[in-house]
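Two complexes follow with subunit A in common, the first pairing it with subunit B and the second with subunit C.
Presenting the complex of A and B:
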């Protein structure tokens, strides 16, 4: 459904834009209908930039992003299909207005003459498991972070979107409510919604996604089916990340050294090679390298 | 016993009344012990951390005592508390990015800071501590802006512990860091304890998996009260309080997939602390609640040695 092909973003930095900084470098992947893809990376890996480019909030330097074959063209028609939810639910709302204004604005903008609007709102709220009495006609400060975040997802659902870009949507939520938002995304997937789940938290990405893309410094170092990327990580960077995740019940251990070519050992990036079916790992392809020795 | 807190109550003054953020909490931290403090936002964990070192203008010490190495800390009195800060009790702030003076080179700033406490800076000691957290000595000649987030956090840790405080409070110090940096910072904290730079530590975080990695004892708080306190492995493997059980079961781990095992959150939200409910504060969300929970507040009972639970059903 959504395809990214060789997407690159170069920012101009410095006083007069004299220097450049490559935030995203030749990233290609796709998100299918009813599929959750998690995009994992540390800060500065370019994961948010990719999300913004998909939403048309940032322009591409080169490459292409297409939705069902048509290039991204920010505008009303595009936003009927693709919506984003961001990290901080408390600053996503205008504190002066009531929170359900975001739903009313959808009606004014897209469905000015829908007669059964209230039913639709109720249906969307039910889909995100919110009680209408608890959230409608309330100011943002009267609602919890989880409620606000779910209200934003409900707003996206009202548009009958195909793809949701969820950028760190649970990082400001408490552990007890975070999992409910994740379960909600998984339920929506069953209705055919594609989700790009951008996160730095490996355990959350692993819980939800069918496929995982691991980013480092703007390039993909490993991607593929989640159970393969997490179950049998090939790239040293992925191993290092996984070994640093704190787990309950087992103390930290050092990452096992990676097999394979020298370039892998140094953890550098290069073109993606297929290590296995549906599992790709970055490899420099040096002369003495026989590809990923899996 | 290095630190003993008895029935501590700290309320926030607001226009609507007093928010009972910390309502009668008692616990102790032994020498060389790292106590992990976990709970949802608004459970009082930060209030407790701040209460032990510096209360801000809205906070009011209502009752209870804090004893450190046999001395009672005057926590309600800002001026009398001053001699204890940095010498006896020290804090690593959450936002190390803004904790250092941006206009001074780090080495100069550390010198000024230590002098302001009436101590002469021991350069060799400072260098040894930088080595301990694997920071190059050149950082002393740099400005804070030249350091990465993880380096700044480690630098602030070195500064906070320079005078060998008895008690170190680390409040959410890793929440803005990436996983690999988080691991380095957490390991450096354990290193400080092992090297004897600090006697005991309170490590505040919302991430129980991280607390588990470094803490000896974990205390779970709920709505200003102690819910459960036990050795780290006990609280993770066999929690007794329903809140601790639900909280630990709601954590996704690497290896757990939605398709295999559906985790669930805790329904409802914490009560308002302006006017907290009678009895147990968790009872509205608790699957085990019964009549007694509404009538009487469960005391924190030591069910096993070093294992405290505040629940009628535990």
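Presenting the complex of A and C:
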């Protein structure tokens, strides 16, 4: 459904824009209908930039993003199929207005003359398990972070979207509401909604996603079916990430050192080596590798 | 505890009332607004009640203040109180018109430069800086002298066209910080056009600042107009407080001991501008909780 092909974003930095910084470098993956793909990476790995480019909030330097084969053109028509929810629920709402204004904006822009609008709102709120009486006609600071995030998802549902870009939507929530929001995403998936779940938290990514993309310094290091990426990590960075997940009752262990670069052992070309059915890995970037052949 | 209960916002309506609550208890704001309202009332109603033109010759020259001529008469036998009331009206006209024009230009330039950024910002910022470094009073002198502008409206227009740059710079800076907030992105995802986002998402967040900007521009226009009038480049039709000061100076009121000729217009200008600034400090305290005296 949504396809990213060789997407690159280069920022100009420095006083006169003389230097450049590559935030995203040749990233390609796709999200299918009703599929959850988690995009995992550390801070500064370019995962939020990818989300913003999909949402049309940031321009691409090169490459292309297509939705159902048509190139992305930010505008009313596109936002009817693709919506986003951001990390900080408290800054996603304009503090001087009531929170349900985000729903009214959808009505104004897309459905100015729908007679049963209130029913639709009620339905969308029920889908995100919110009680209309508790959230409508309130200011953002009177609602909890979890309520605000679910209200934003309800807003997206009003548009009958195909894809939701969820950028770290649970990182500002406490543990109990976090699982509620994740279960909600699982529900939406069952309804046929595609979700790009951007996170730095491996266990949350594992919980939901069919496929996982691991990002580092703006490039994909490993991607594939979640059970393969997490069950049999091939790239040393993925192993490092997995060993860094805290486990109850056992002390932290150093990741096993990389046993050579699979990419070069197999003599692959292009950015990624197809190591297995639906499992791709990039060059390990060891001292004796010298980078990918491309 | 009762005082705390009433002071803390608890319901949505109480949040809106909070500003009003502090406004009605702010001495500076009440005094400043009170003085302005009295002077404004005098300027609006006064000329109607007096039933005379500003420059009518009413009686003997050089009369000191009496029950018949409240502020006395000048060397030509014109009633100084009548002139004062008409002068106040001109003063408010210049302030509202000049301040209004400057506020509109400043806000338009500031919002567009801050929201668009990039090349648009560079061009608008350059324009702002150019107008900012031009010695405004000297330019107004040249324009007034060269074009021979003698009506209040045109004078206000030129003041408005030259006094907006600092407002534009301040609004641009605030817009810069507000446009990166998530709720602006959310408005874009709702398909709102830029103009609507500026007017309905960004501007309401700085409404108190915009209001204070207008007050300062209003006071500034009055001062510039008075300076121009005093050096003889004011409107030739009608009368203004600055023009009264200029006449008093020209006809040696100081040496003749006609204190009632120059004190009222001087006090009038000081009262209007001073009250505006006092009200502005009061508004600052109302809108900014950190400045409130508890």
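Throughout what follows, the second predicted complex is superposed on the first by the 270 of 294 C-alpha atoms of A that agree within 3 Å, B and C clash if a C-alpha of one lies under 4 Å from a C-alpha of the other, contacts with A are read in each partner's own complex, and residues count from 1 in each chain.
Going forward, a contact is a pair of C-beta atoms (placed from the backbone, for glycine too) under 8 Å apart; a residue touches a chain by one contact, two chains touch by 3 or more.
Here the structure is a predicted model, which is why all the values come from computation and not from measurement.
In the superposed model, A:274 lies in contact with neither subunit B nor subunit C. Shared-chain residue A:94: touches subunit C; no touch with subunit B. Contacts of A:42 after superposition: subunit B is touched, whereas subunit C is not reached.
Contacts of A:245 after superposition: subunit B is touched, whereas subunit C is not reached.
Of the two partner chains placed around the shared chain by superposition, subunit B is the only one that A:176 touches, whereas subunit C remains out of contact. Contacts of A:204 after superposition: subunit B is touched, whereas subunit C is not reached. By the touch criterion defined above, A:126 lies against neither subunit B nor subunit C after alignment on the C-alpha atoms of chain A.
In the superposition on chain A, A:227 makes contact with subunit B only, while subunit C stays out of contact range. Common to the subunit B-facing and subunit C-facing surfaces of subunit A is no residue whatsoever.
Listed in rising order, the residues of subunit C touching subunit A in the complex are 12, 15, 181-183, 185-192, 201, 204-205, 207. Residue ranges on subunit A touching subunit C, taken from their complex, read 52, 55, 57, 74-76, 79-80, 83-84, 86-88, 91-98, 102, 105-106, 109-110, 137-139, 142, 152. Listed in rising order, the residues of subunit B touching subunit A in the complex are 40-41, 149, 178-180, 182-183, 186-187, 206-210, 212-213, 233, 236-237, 246-248, 250-258, 262-266, 269.
Put simply, subunit A touches subunit B in their complex at residues 42-43, 144, 174-180, 182-183, 186, 200, 202-204, 206-208, 226-227, 230, 240-242, 244-249, 251-252.
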